[in-house]
Every structure is written in C-alpha cells, then in structure tokens.
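Order as written gives the chain letters A, B, C and D; numbering starts at 1 within each chain.
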C-alpha cells in the first residue's frame, strides 16, 4: 500500500471538477496548487480573501510586487478583468454564497461532513484565517488531502477529534487514494486507485465507505507522480 | 403676533451654528435652504444619502445632469473633492455617527426631543426616506420649522401626536420665533424675536419654555425677510 | 465565459410570475429604463410576468419605468422607502384602491437589508426606527444601554440594474449618483442582469476602479445612450 | 479645512496608554510601516503608549511593524484571525510566555465586525463559526432553519492605515491588495490617521474612484516611497 497519488495528482484530479467560469477559492498552501491544472478550454476565476478576484499566475522570481499577494501571502499577478475590493466585500462574496467552489486542506474530515483544519489542539498558537467563513459560504466545499496522516492514521473519520472548522460542510474529498462524496452523513466512494483493493482502502479509512453504483478508477497523469 | 422669521431667515440662523469643516446632511425641502447661508470663511461638507459627499451648488437651469442629484431629486453639481459611494456606505456614514449635524423639518417636536416629520396619519401614502436613519445617526440633530402650523397650532409640544420619526433625538429647534434647546426633557429658550413678549411666545408653544440664563435676541438679516 | 447578451428581450426572459425583483435607481438616477420597458413589453405580449414584488427606493414617477409596470398591473407589492415623488399618481391610485401592497422601510435600513442579503447576514441590529410604527412587531434588543431593532436580510430572484461600463466578465462601474442601490442589489439577487452604457473587454476597466466585481453579475446587455427617467418624465413620456 | 499633517510624529502623538488601535494591512500589503515606527519611536522616547489592544489580520512578522511593537512590549492584546506567518517568533514567544492576550476571530467575521463598528450596527448574525470553539459563549439564533452566531461590532480609538493617494479633505485610494481592511478601519475608529504615498489637492482624484471618502479620515501625512514590510523582512530589518 505504498502507492498513492502525489499532491500534484490530487490537485489535478480536483481541478477536473471545476467548471468553466466557476468562481473558486483555494485554501492557502497545498490547495493553491489546484490552479495549475485547469483543463484546456476552461477558465476558472480565482478569489483570494484579501481582496482580489480573477488574478493571474505567480510572477517570475524577482518580479514580485508585495502589494499584490494572495491569502497565503504569496505574490500573484494581474490579468485582464482582475478586480480589487476591501475585506468586507471579499467576505460578502464568501459568506453570501457567491463562490461556486472552495477547496481546502484538512486534518480530519468526518462522514458527517464536519471539517477540522485550523487547530491541532491547545498547544501552540491558534490561527483560523478565512477557513470558517469559506466552509459556510461556498456553494460546494471540497477537501484535498492525503488519505492518511504521516503516521498512517486515517484522516477520513467517523467523528473529528480536533477542533472543528465547520459542521456538515464538506461534500467531496479528493484524497491520495480515492474520491469520496459525503451524502446523508455517509462516505460514498466514487473513485479509487485501481491498485488498491476495497479492503485496503476501507482499512485506511476511519469510517465505513459506502458503494452506490460503479466505483471509477482514479487515474491521474503519470508525469505528475513526482511533482 | 404676525411678525415671524421667513424660511430664509430661519435657515440663515441655523447656518450660523455650523462649524467650518462640519459634515452636514440637510433634509429634503426647506432644510436644503440652509446650504445657501454658510458664514464667510466657513465651508461645510454636505452629504446626501443617495451617495454624494462634498457636492456643490445647484446648477444653472438647463445645465442639469439628472444622474447627479440630491436626496430631494434636485440637480446638484460637483466641486473639487466630491466623492461618490453606494447606499450602504452612505448610511454607514449616517448610522455610524460620522455626520456632525443633520437639519430636518418637523410636523411636531416634543420637549422630550421626540420628532414627528414623516407621516400625517393613516390617510394617504406614507413615505419615510432617510429621516429615521438620520435622527439616530448624526451627532447633532436640529430642526428648522415654523413655530406654529398654518392654523396657528403649536408645533413645539409636550408629546407628539403624529407618528414618530425618532425618540429623544432633537437637541435644538430653530423656529420662526425662537431658538430653543432640548435638555433633560425640557424646552430651554436661548433666543427669541425681540418683538415678541415671553408671554406671547409661551402662548404659541405647546409646552413650558424654560429660561436658564440670558435669552438672546434672535436677529436675522432684514434682506432675507421676503425670501 | 462571456456574460454579454445580445438583446434586451433575452435579458428579461426568465423572470417568472410572482418573482421578487430588485430594480436599481434612486428616483430617475440609475433607473434601468430599457430593461424595465423590455419586461413590460414581454408582459404585454405574453401576460407574464405578473404578481411581482418590486424593491426600489421609490415607487415610480410619471408613466415610464416602475410607474409603467404598476400601471400595467404587473406589481403586487412594493418594498421601498419613499413612494412619493413629483408625479406618483400611478402608485398612489393603485395603493389607495388597495390594488398594491406596500412595505415601507427606512432608507438606510433598506440599503443595509439588501447588503445583508448579498453578504450572507440573515439579521442585524439598527437604531433606526426604534420606538416608531415602523419597528412594530420587530425584536428589540439592548446593546450598551441603547435599544436596537433587529432587521432581516432582503434577497431577490432577480436584480435589474444600470451601469456605465461593463466588461464581459461582469465587472462594472457606475455614473455619479446613479450608483446608489445598484451595487447592493447586484449582490443580493440570485440573478443580476445589467444594462451597461458601454460594453468593454476585460482589462479595459482599471481593477482599482471597478465598483461591482463580476462575481455579482450574471448577464449584461449594452444599451448605448440610455433614456434618463427624469428627462422622459419632463417630456411627458408614456410606456408603451 | 486641510487634514494634512507635516510630520509622522504629529500623526501618532495622541494615542494614549491602553488605547485600542486598528492597524491596516494583510501581511505586509498595506501595513503602515512608517506610522507604526513613529509610534514605536514615541514609546521609546516617552514610555507611551503601552498596554495597547491592536487589531490587525495578523500578529506581525519579523522585527518591524506590529512585530516590533510587540517586541518592545507596547501591546497587551492582539485581535486577529491569523497570528502565524513566515517569521512570527516575536508574537509566538510573547504569547506562549503569557505576556500577550489573543482574541482569535475568523477573518470574515473580523472584517464584518469592523465594518459594523463603522456602520452603526452593534450586532449581526453570521453562519461562520457555528458549532466550533470560536462560537463558545456567543448567542446562537435560527433563521429559516439554519443556525447563526451573533457577533458584536468592533470599534477603536485610533486607526493607522496606509493609502496611495490622499487629498486634503481625506479622500483616499489604495494600491492593489493593500486595500484589504483599511477602508473598514477608517470607518470604525474614532480617529483615523493615514499615511499616503502621494498627497494631492481636492479634485485631483476622480470622484468615481475614491474608495474612502474623506468623512472617515481625520488626518493624513505624506510618506513618499514607503517601506514594504515584506521587503524589509526579506532584508532582515529590525526597528529600531
């Protein structure tokens, strides 16, 4: 069971479900990678909560303008149609249901749709950013994540043990092993790595994986395997 | 008792209390006239709730641009420093306590500071506009009004009989006879027409006029008497 | 993705009977006359849409725009702050005859309720209207010793607004005081359709001066040289 | 009326011990470095102001700006959404040592609470944080079958922000993503002081593109070629 998708492959798979013209917010860190893999012929419009809509790719090193950054404080660029606005308008977009998709990272996702991704407990400095707004704002909240922790513990669980970001908010998980929908308080398996048996996948998952209809093969570009 | 100030004289008197640089909203109709009488060397900045701050005087007839109007739907003009904004920002200015003065008309003002100026009762079509926001937003709410109705009934009263615009909101009344402050639920006379006796003034007033210290002479430019 | 439509009739085709429609404008400034008239024309041809709830600061003036909608009997209810105007006879007659319902809302509360609808805020507290007839039946709560009224968000099925420049992504600018409620309504409606005086390509509007970002706009149609309601009324115009 | 000041020291002279201060910026974009450093310089000279409550999205980075304020011991409490950064050691050490208080607020709630403070809205309802630790102790109310948390406005004694153009009446524009919280903070503080990259005369800014109208601004000071926090930190700068 050492086969798994790379982060780039997970991000690629998540990008396949983003429609042309969709308004999308990508969480800071790993989810930002999704923007690299827009399918040909489709153009999503990316929102960053610090007040930019429709921005372009990262600038070349040395070309950064540090007044033009994303929520992860990374430099971005303009493209035709970019708009600036203040933070209250930005979160009106989020909370008001104007985003089509938010893609976030996770410490844990429960079969109830609960998400924990902001705090690993009382130690250290807590930081929440815009995650709690995003999970209750976007029309569709998806998670991209390794299927298990570095120690091999399931990240898809019955109930979250870490402090929650939101209750019943996630509807799809793109993991390093599978694509799983959350429907009616249950994990429903949609796609899995062909190399994994159902038993192996279930053993790596902290709650029951339901099967309804066909389970597709989760196949991502090989050239992203090392990315 | 047929001597009284003209509307222009009342507006002139109210204008004398507006400080240089004050942010001022003038109610639609009669209060708009206050803008004409800014004392030399002072410049107030006028706000209209439909989204313009720091506008200029009325345009010459024929020069109107009907996209540039005030709350009374009268044409206004730009001047250096004018700003446009939407209605939510405009009422953030009002409700958020950013206006120094609002000057409004009145059907009735009570010694409690209650104001009635939006509805004459259940007949006809009610219309409130921004009056209810203004009375609870501006740092100082003043009223300009005839001292009595056309039928000679007092407009300064113990308790309003008409539907209220706001409770305990007015602090000064500029009338055709007097300048009256509202303090601690009482009318306190500050200035009166020299030609009126205290008894005449009290008889024209629907609640007790208190005197604390000197009562000044209410003297306005003669040339405005017929304006 | 290109949000531009080629005709006014296409822009108003999916408004259903009984829908709630926000219409931009304060008096005549910002009134999307051509969109409104296209909607009236559709009603005259097809009998739909009718039974509408219309949200605007006013209730029409003269015999064009919202007044003409009321005159045709398309409007069941107005939500507004100031249904008086220089020539409000159409609304006044319908109202006094009991043919149209009125929800009167203080102007700042109206603006904030619409913004709240767009911003996902289902309720908020305001000092406006405390102790008056317009607060009747609404919850009152004290904060720091002062009373406030709780008001609910306002949303709509459709918004019809007018803007100055609009690019194909829906980014908008407005013209002077014609801005008023339109940026708020664009946020609060499930579907926002805009008549723009000039349609441009993305990038033609400086990102710093965009007032309504395209995420709030579903479709736009160019109407060069739009009619100004005030000028129509001064000329005694009727629609149709 | 001319709101322009001639020096940075004059701009920060009336901030008292224990004051609540909103500081613009998201990370380094929009951080009013020169105003902050002038405040630190005043503290180093006079011992005041100290015991401050600072409201910002973050809690400083490196050893300049807000991080330098914390490093000098001027800050009793941070209200922010994200006190982590590339180099947040100053806040982290003070926090873990119990020397600074933290009120953690979701970013959208922080923005809306500041706007509410500026707009005279003492409380509002949001779905954000429902069912989480950050909603603990806050009233929950149901609207249309969904739970919402009631949040209170945030106001401040002072706001220190950075803008691009500013005229003598206080009308402002911003630069790209440096806009972020600053227009909201300008509304919510009793006294708003702005460092502008270029001071201009009234009329030099198109009325359509003004982001913060002058009514929200009390004073401004020109700082041409302002430092960018991110660049300072990449260069390993310290203040003082």
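Couple of notes before you dig in:
Assume contacts are C-beta pairs under 8 Å (C-beta built on N, C-alpha and C of every residue); 3 or more make two chains touch, one makes a residue touch a chain.
In this text, all values refer to a predicted model and were calculated from it rather than measured experimentally.
Chains that count as touching both chain B and chain C, per the definition above, are D.
With every chain reduced to the mean of its CA atoms, the largest distance from chain B is reached by A.
In this assembly, the C-alpha centroid of chain A lies 37 Å from the C-alpha centroid of chain C. Separating the centre of chain A from that of chain B, both taken as means of CA atoms, is a distance of 57 Å. For this pair, chain A with chain D, the centres built from the Cα atoms lie 30 Å apart. With touch defined as above, residues shared between interfaces to two or more other chains in chain D number as follows: 112, 115, 119-121, 126-127, 174-176, 207-208. Shown for chain A are the residues in touch with two or more other chains, namely 84-85, 88, 91, 94-95, 136-137. In this structure, the chains touch in the following pairs: A-C, A-D, B-C, B-D, C-D.
Considering their complex, residues 112, 116, 119-127, 141, 143-144, 146, 148, 152, 173-176, 206-209 of chain D touch chain C.
On the side of chain B, the complex with chain D involves touching residues 20-21, 23, 43, 45, 47, 53-54, 78-85, 88-89, 91-99, 136-137. Taken in their complex, chain C has these residues touching chain A: 1, 115, 117-121, 167, 169, 171, 187, 201-203, 207-208, 210, 213-216.
Those residues of chain B lying in contact with chain C across their complex are 48-52, 65-69, 73, 84-88, 90-91, 94-95, 119, 124-133, 136-137, 163-167. Taken together, the chain D residues at the contact with chain A in this complex read 26-30, 57, 81-86, 88, 91-92, 95-96, 102, 104-112, 114-115, 126-134, 174-184, 211, 228-231.
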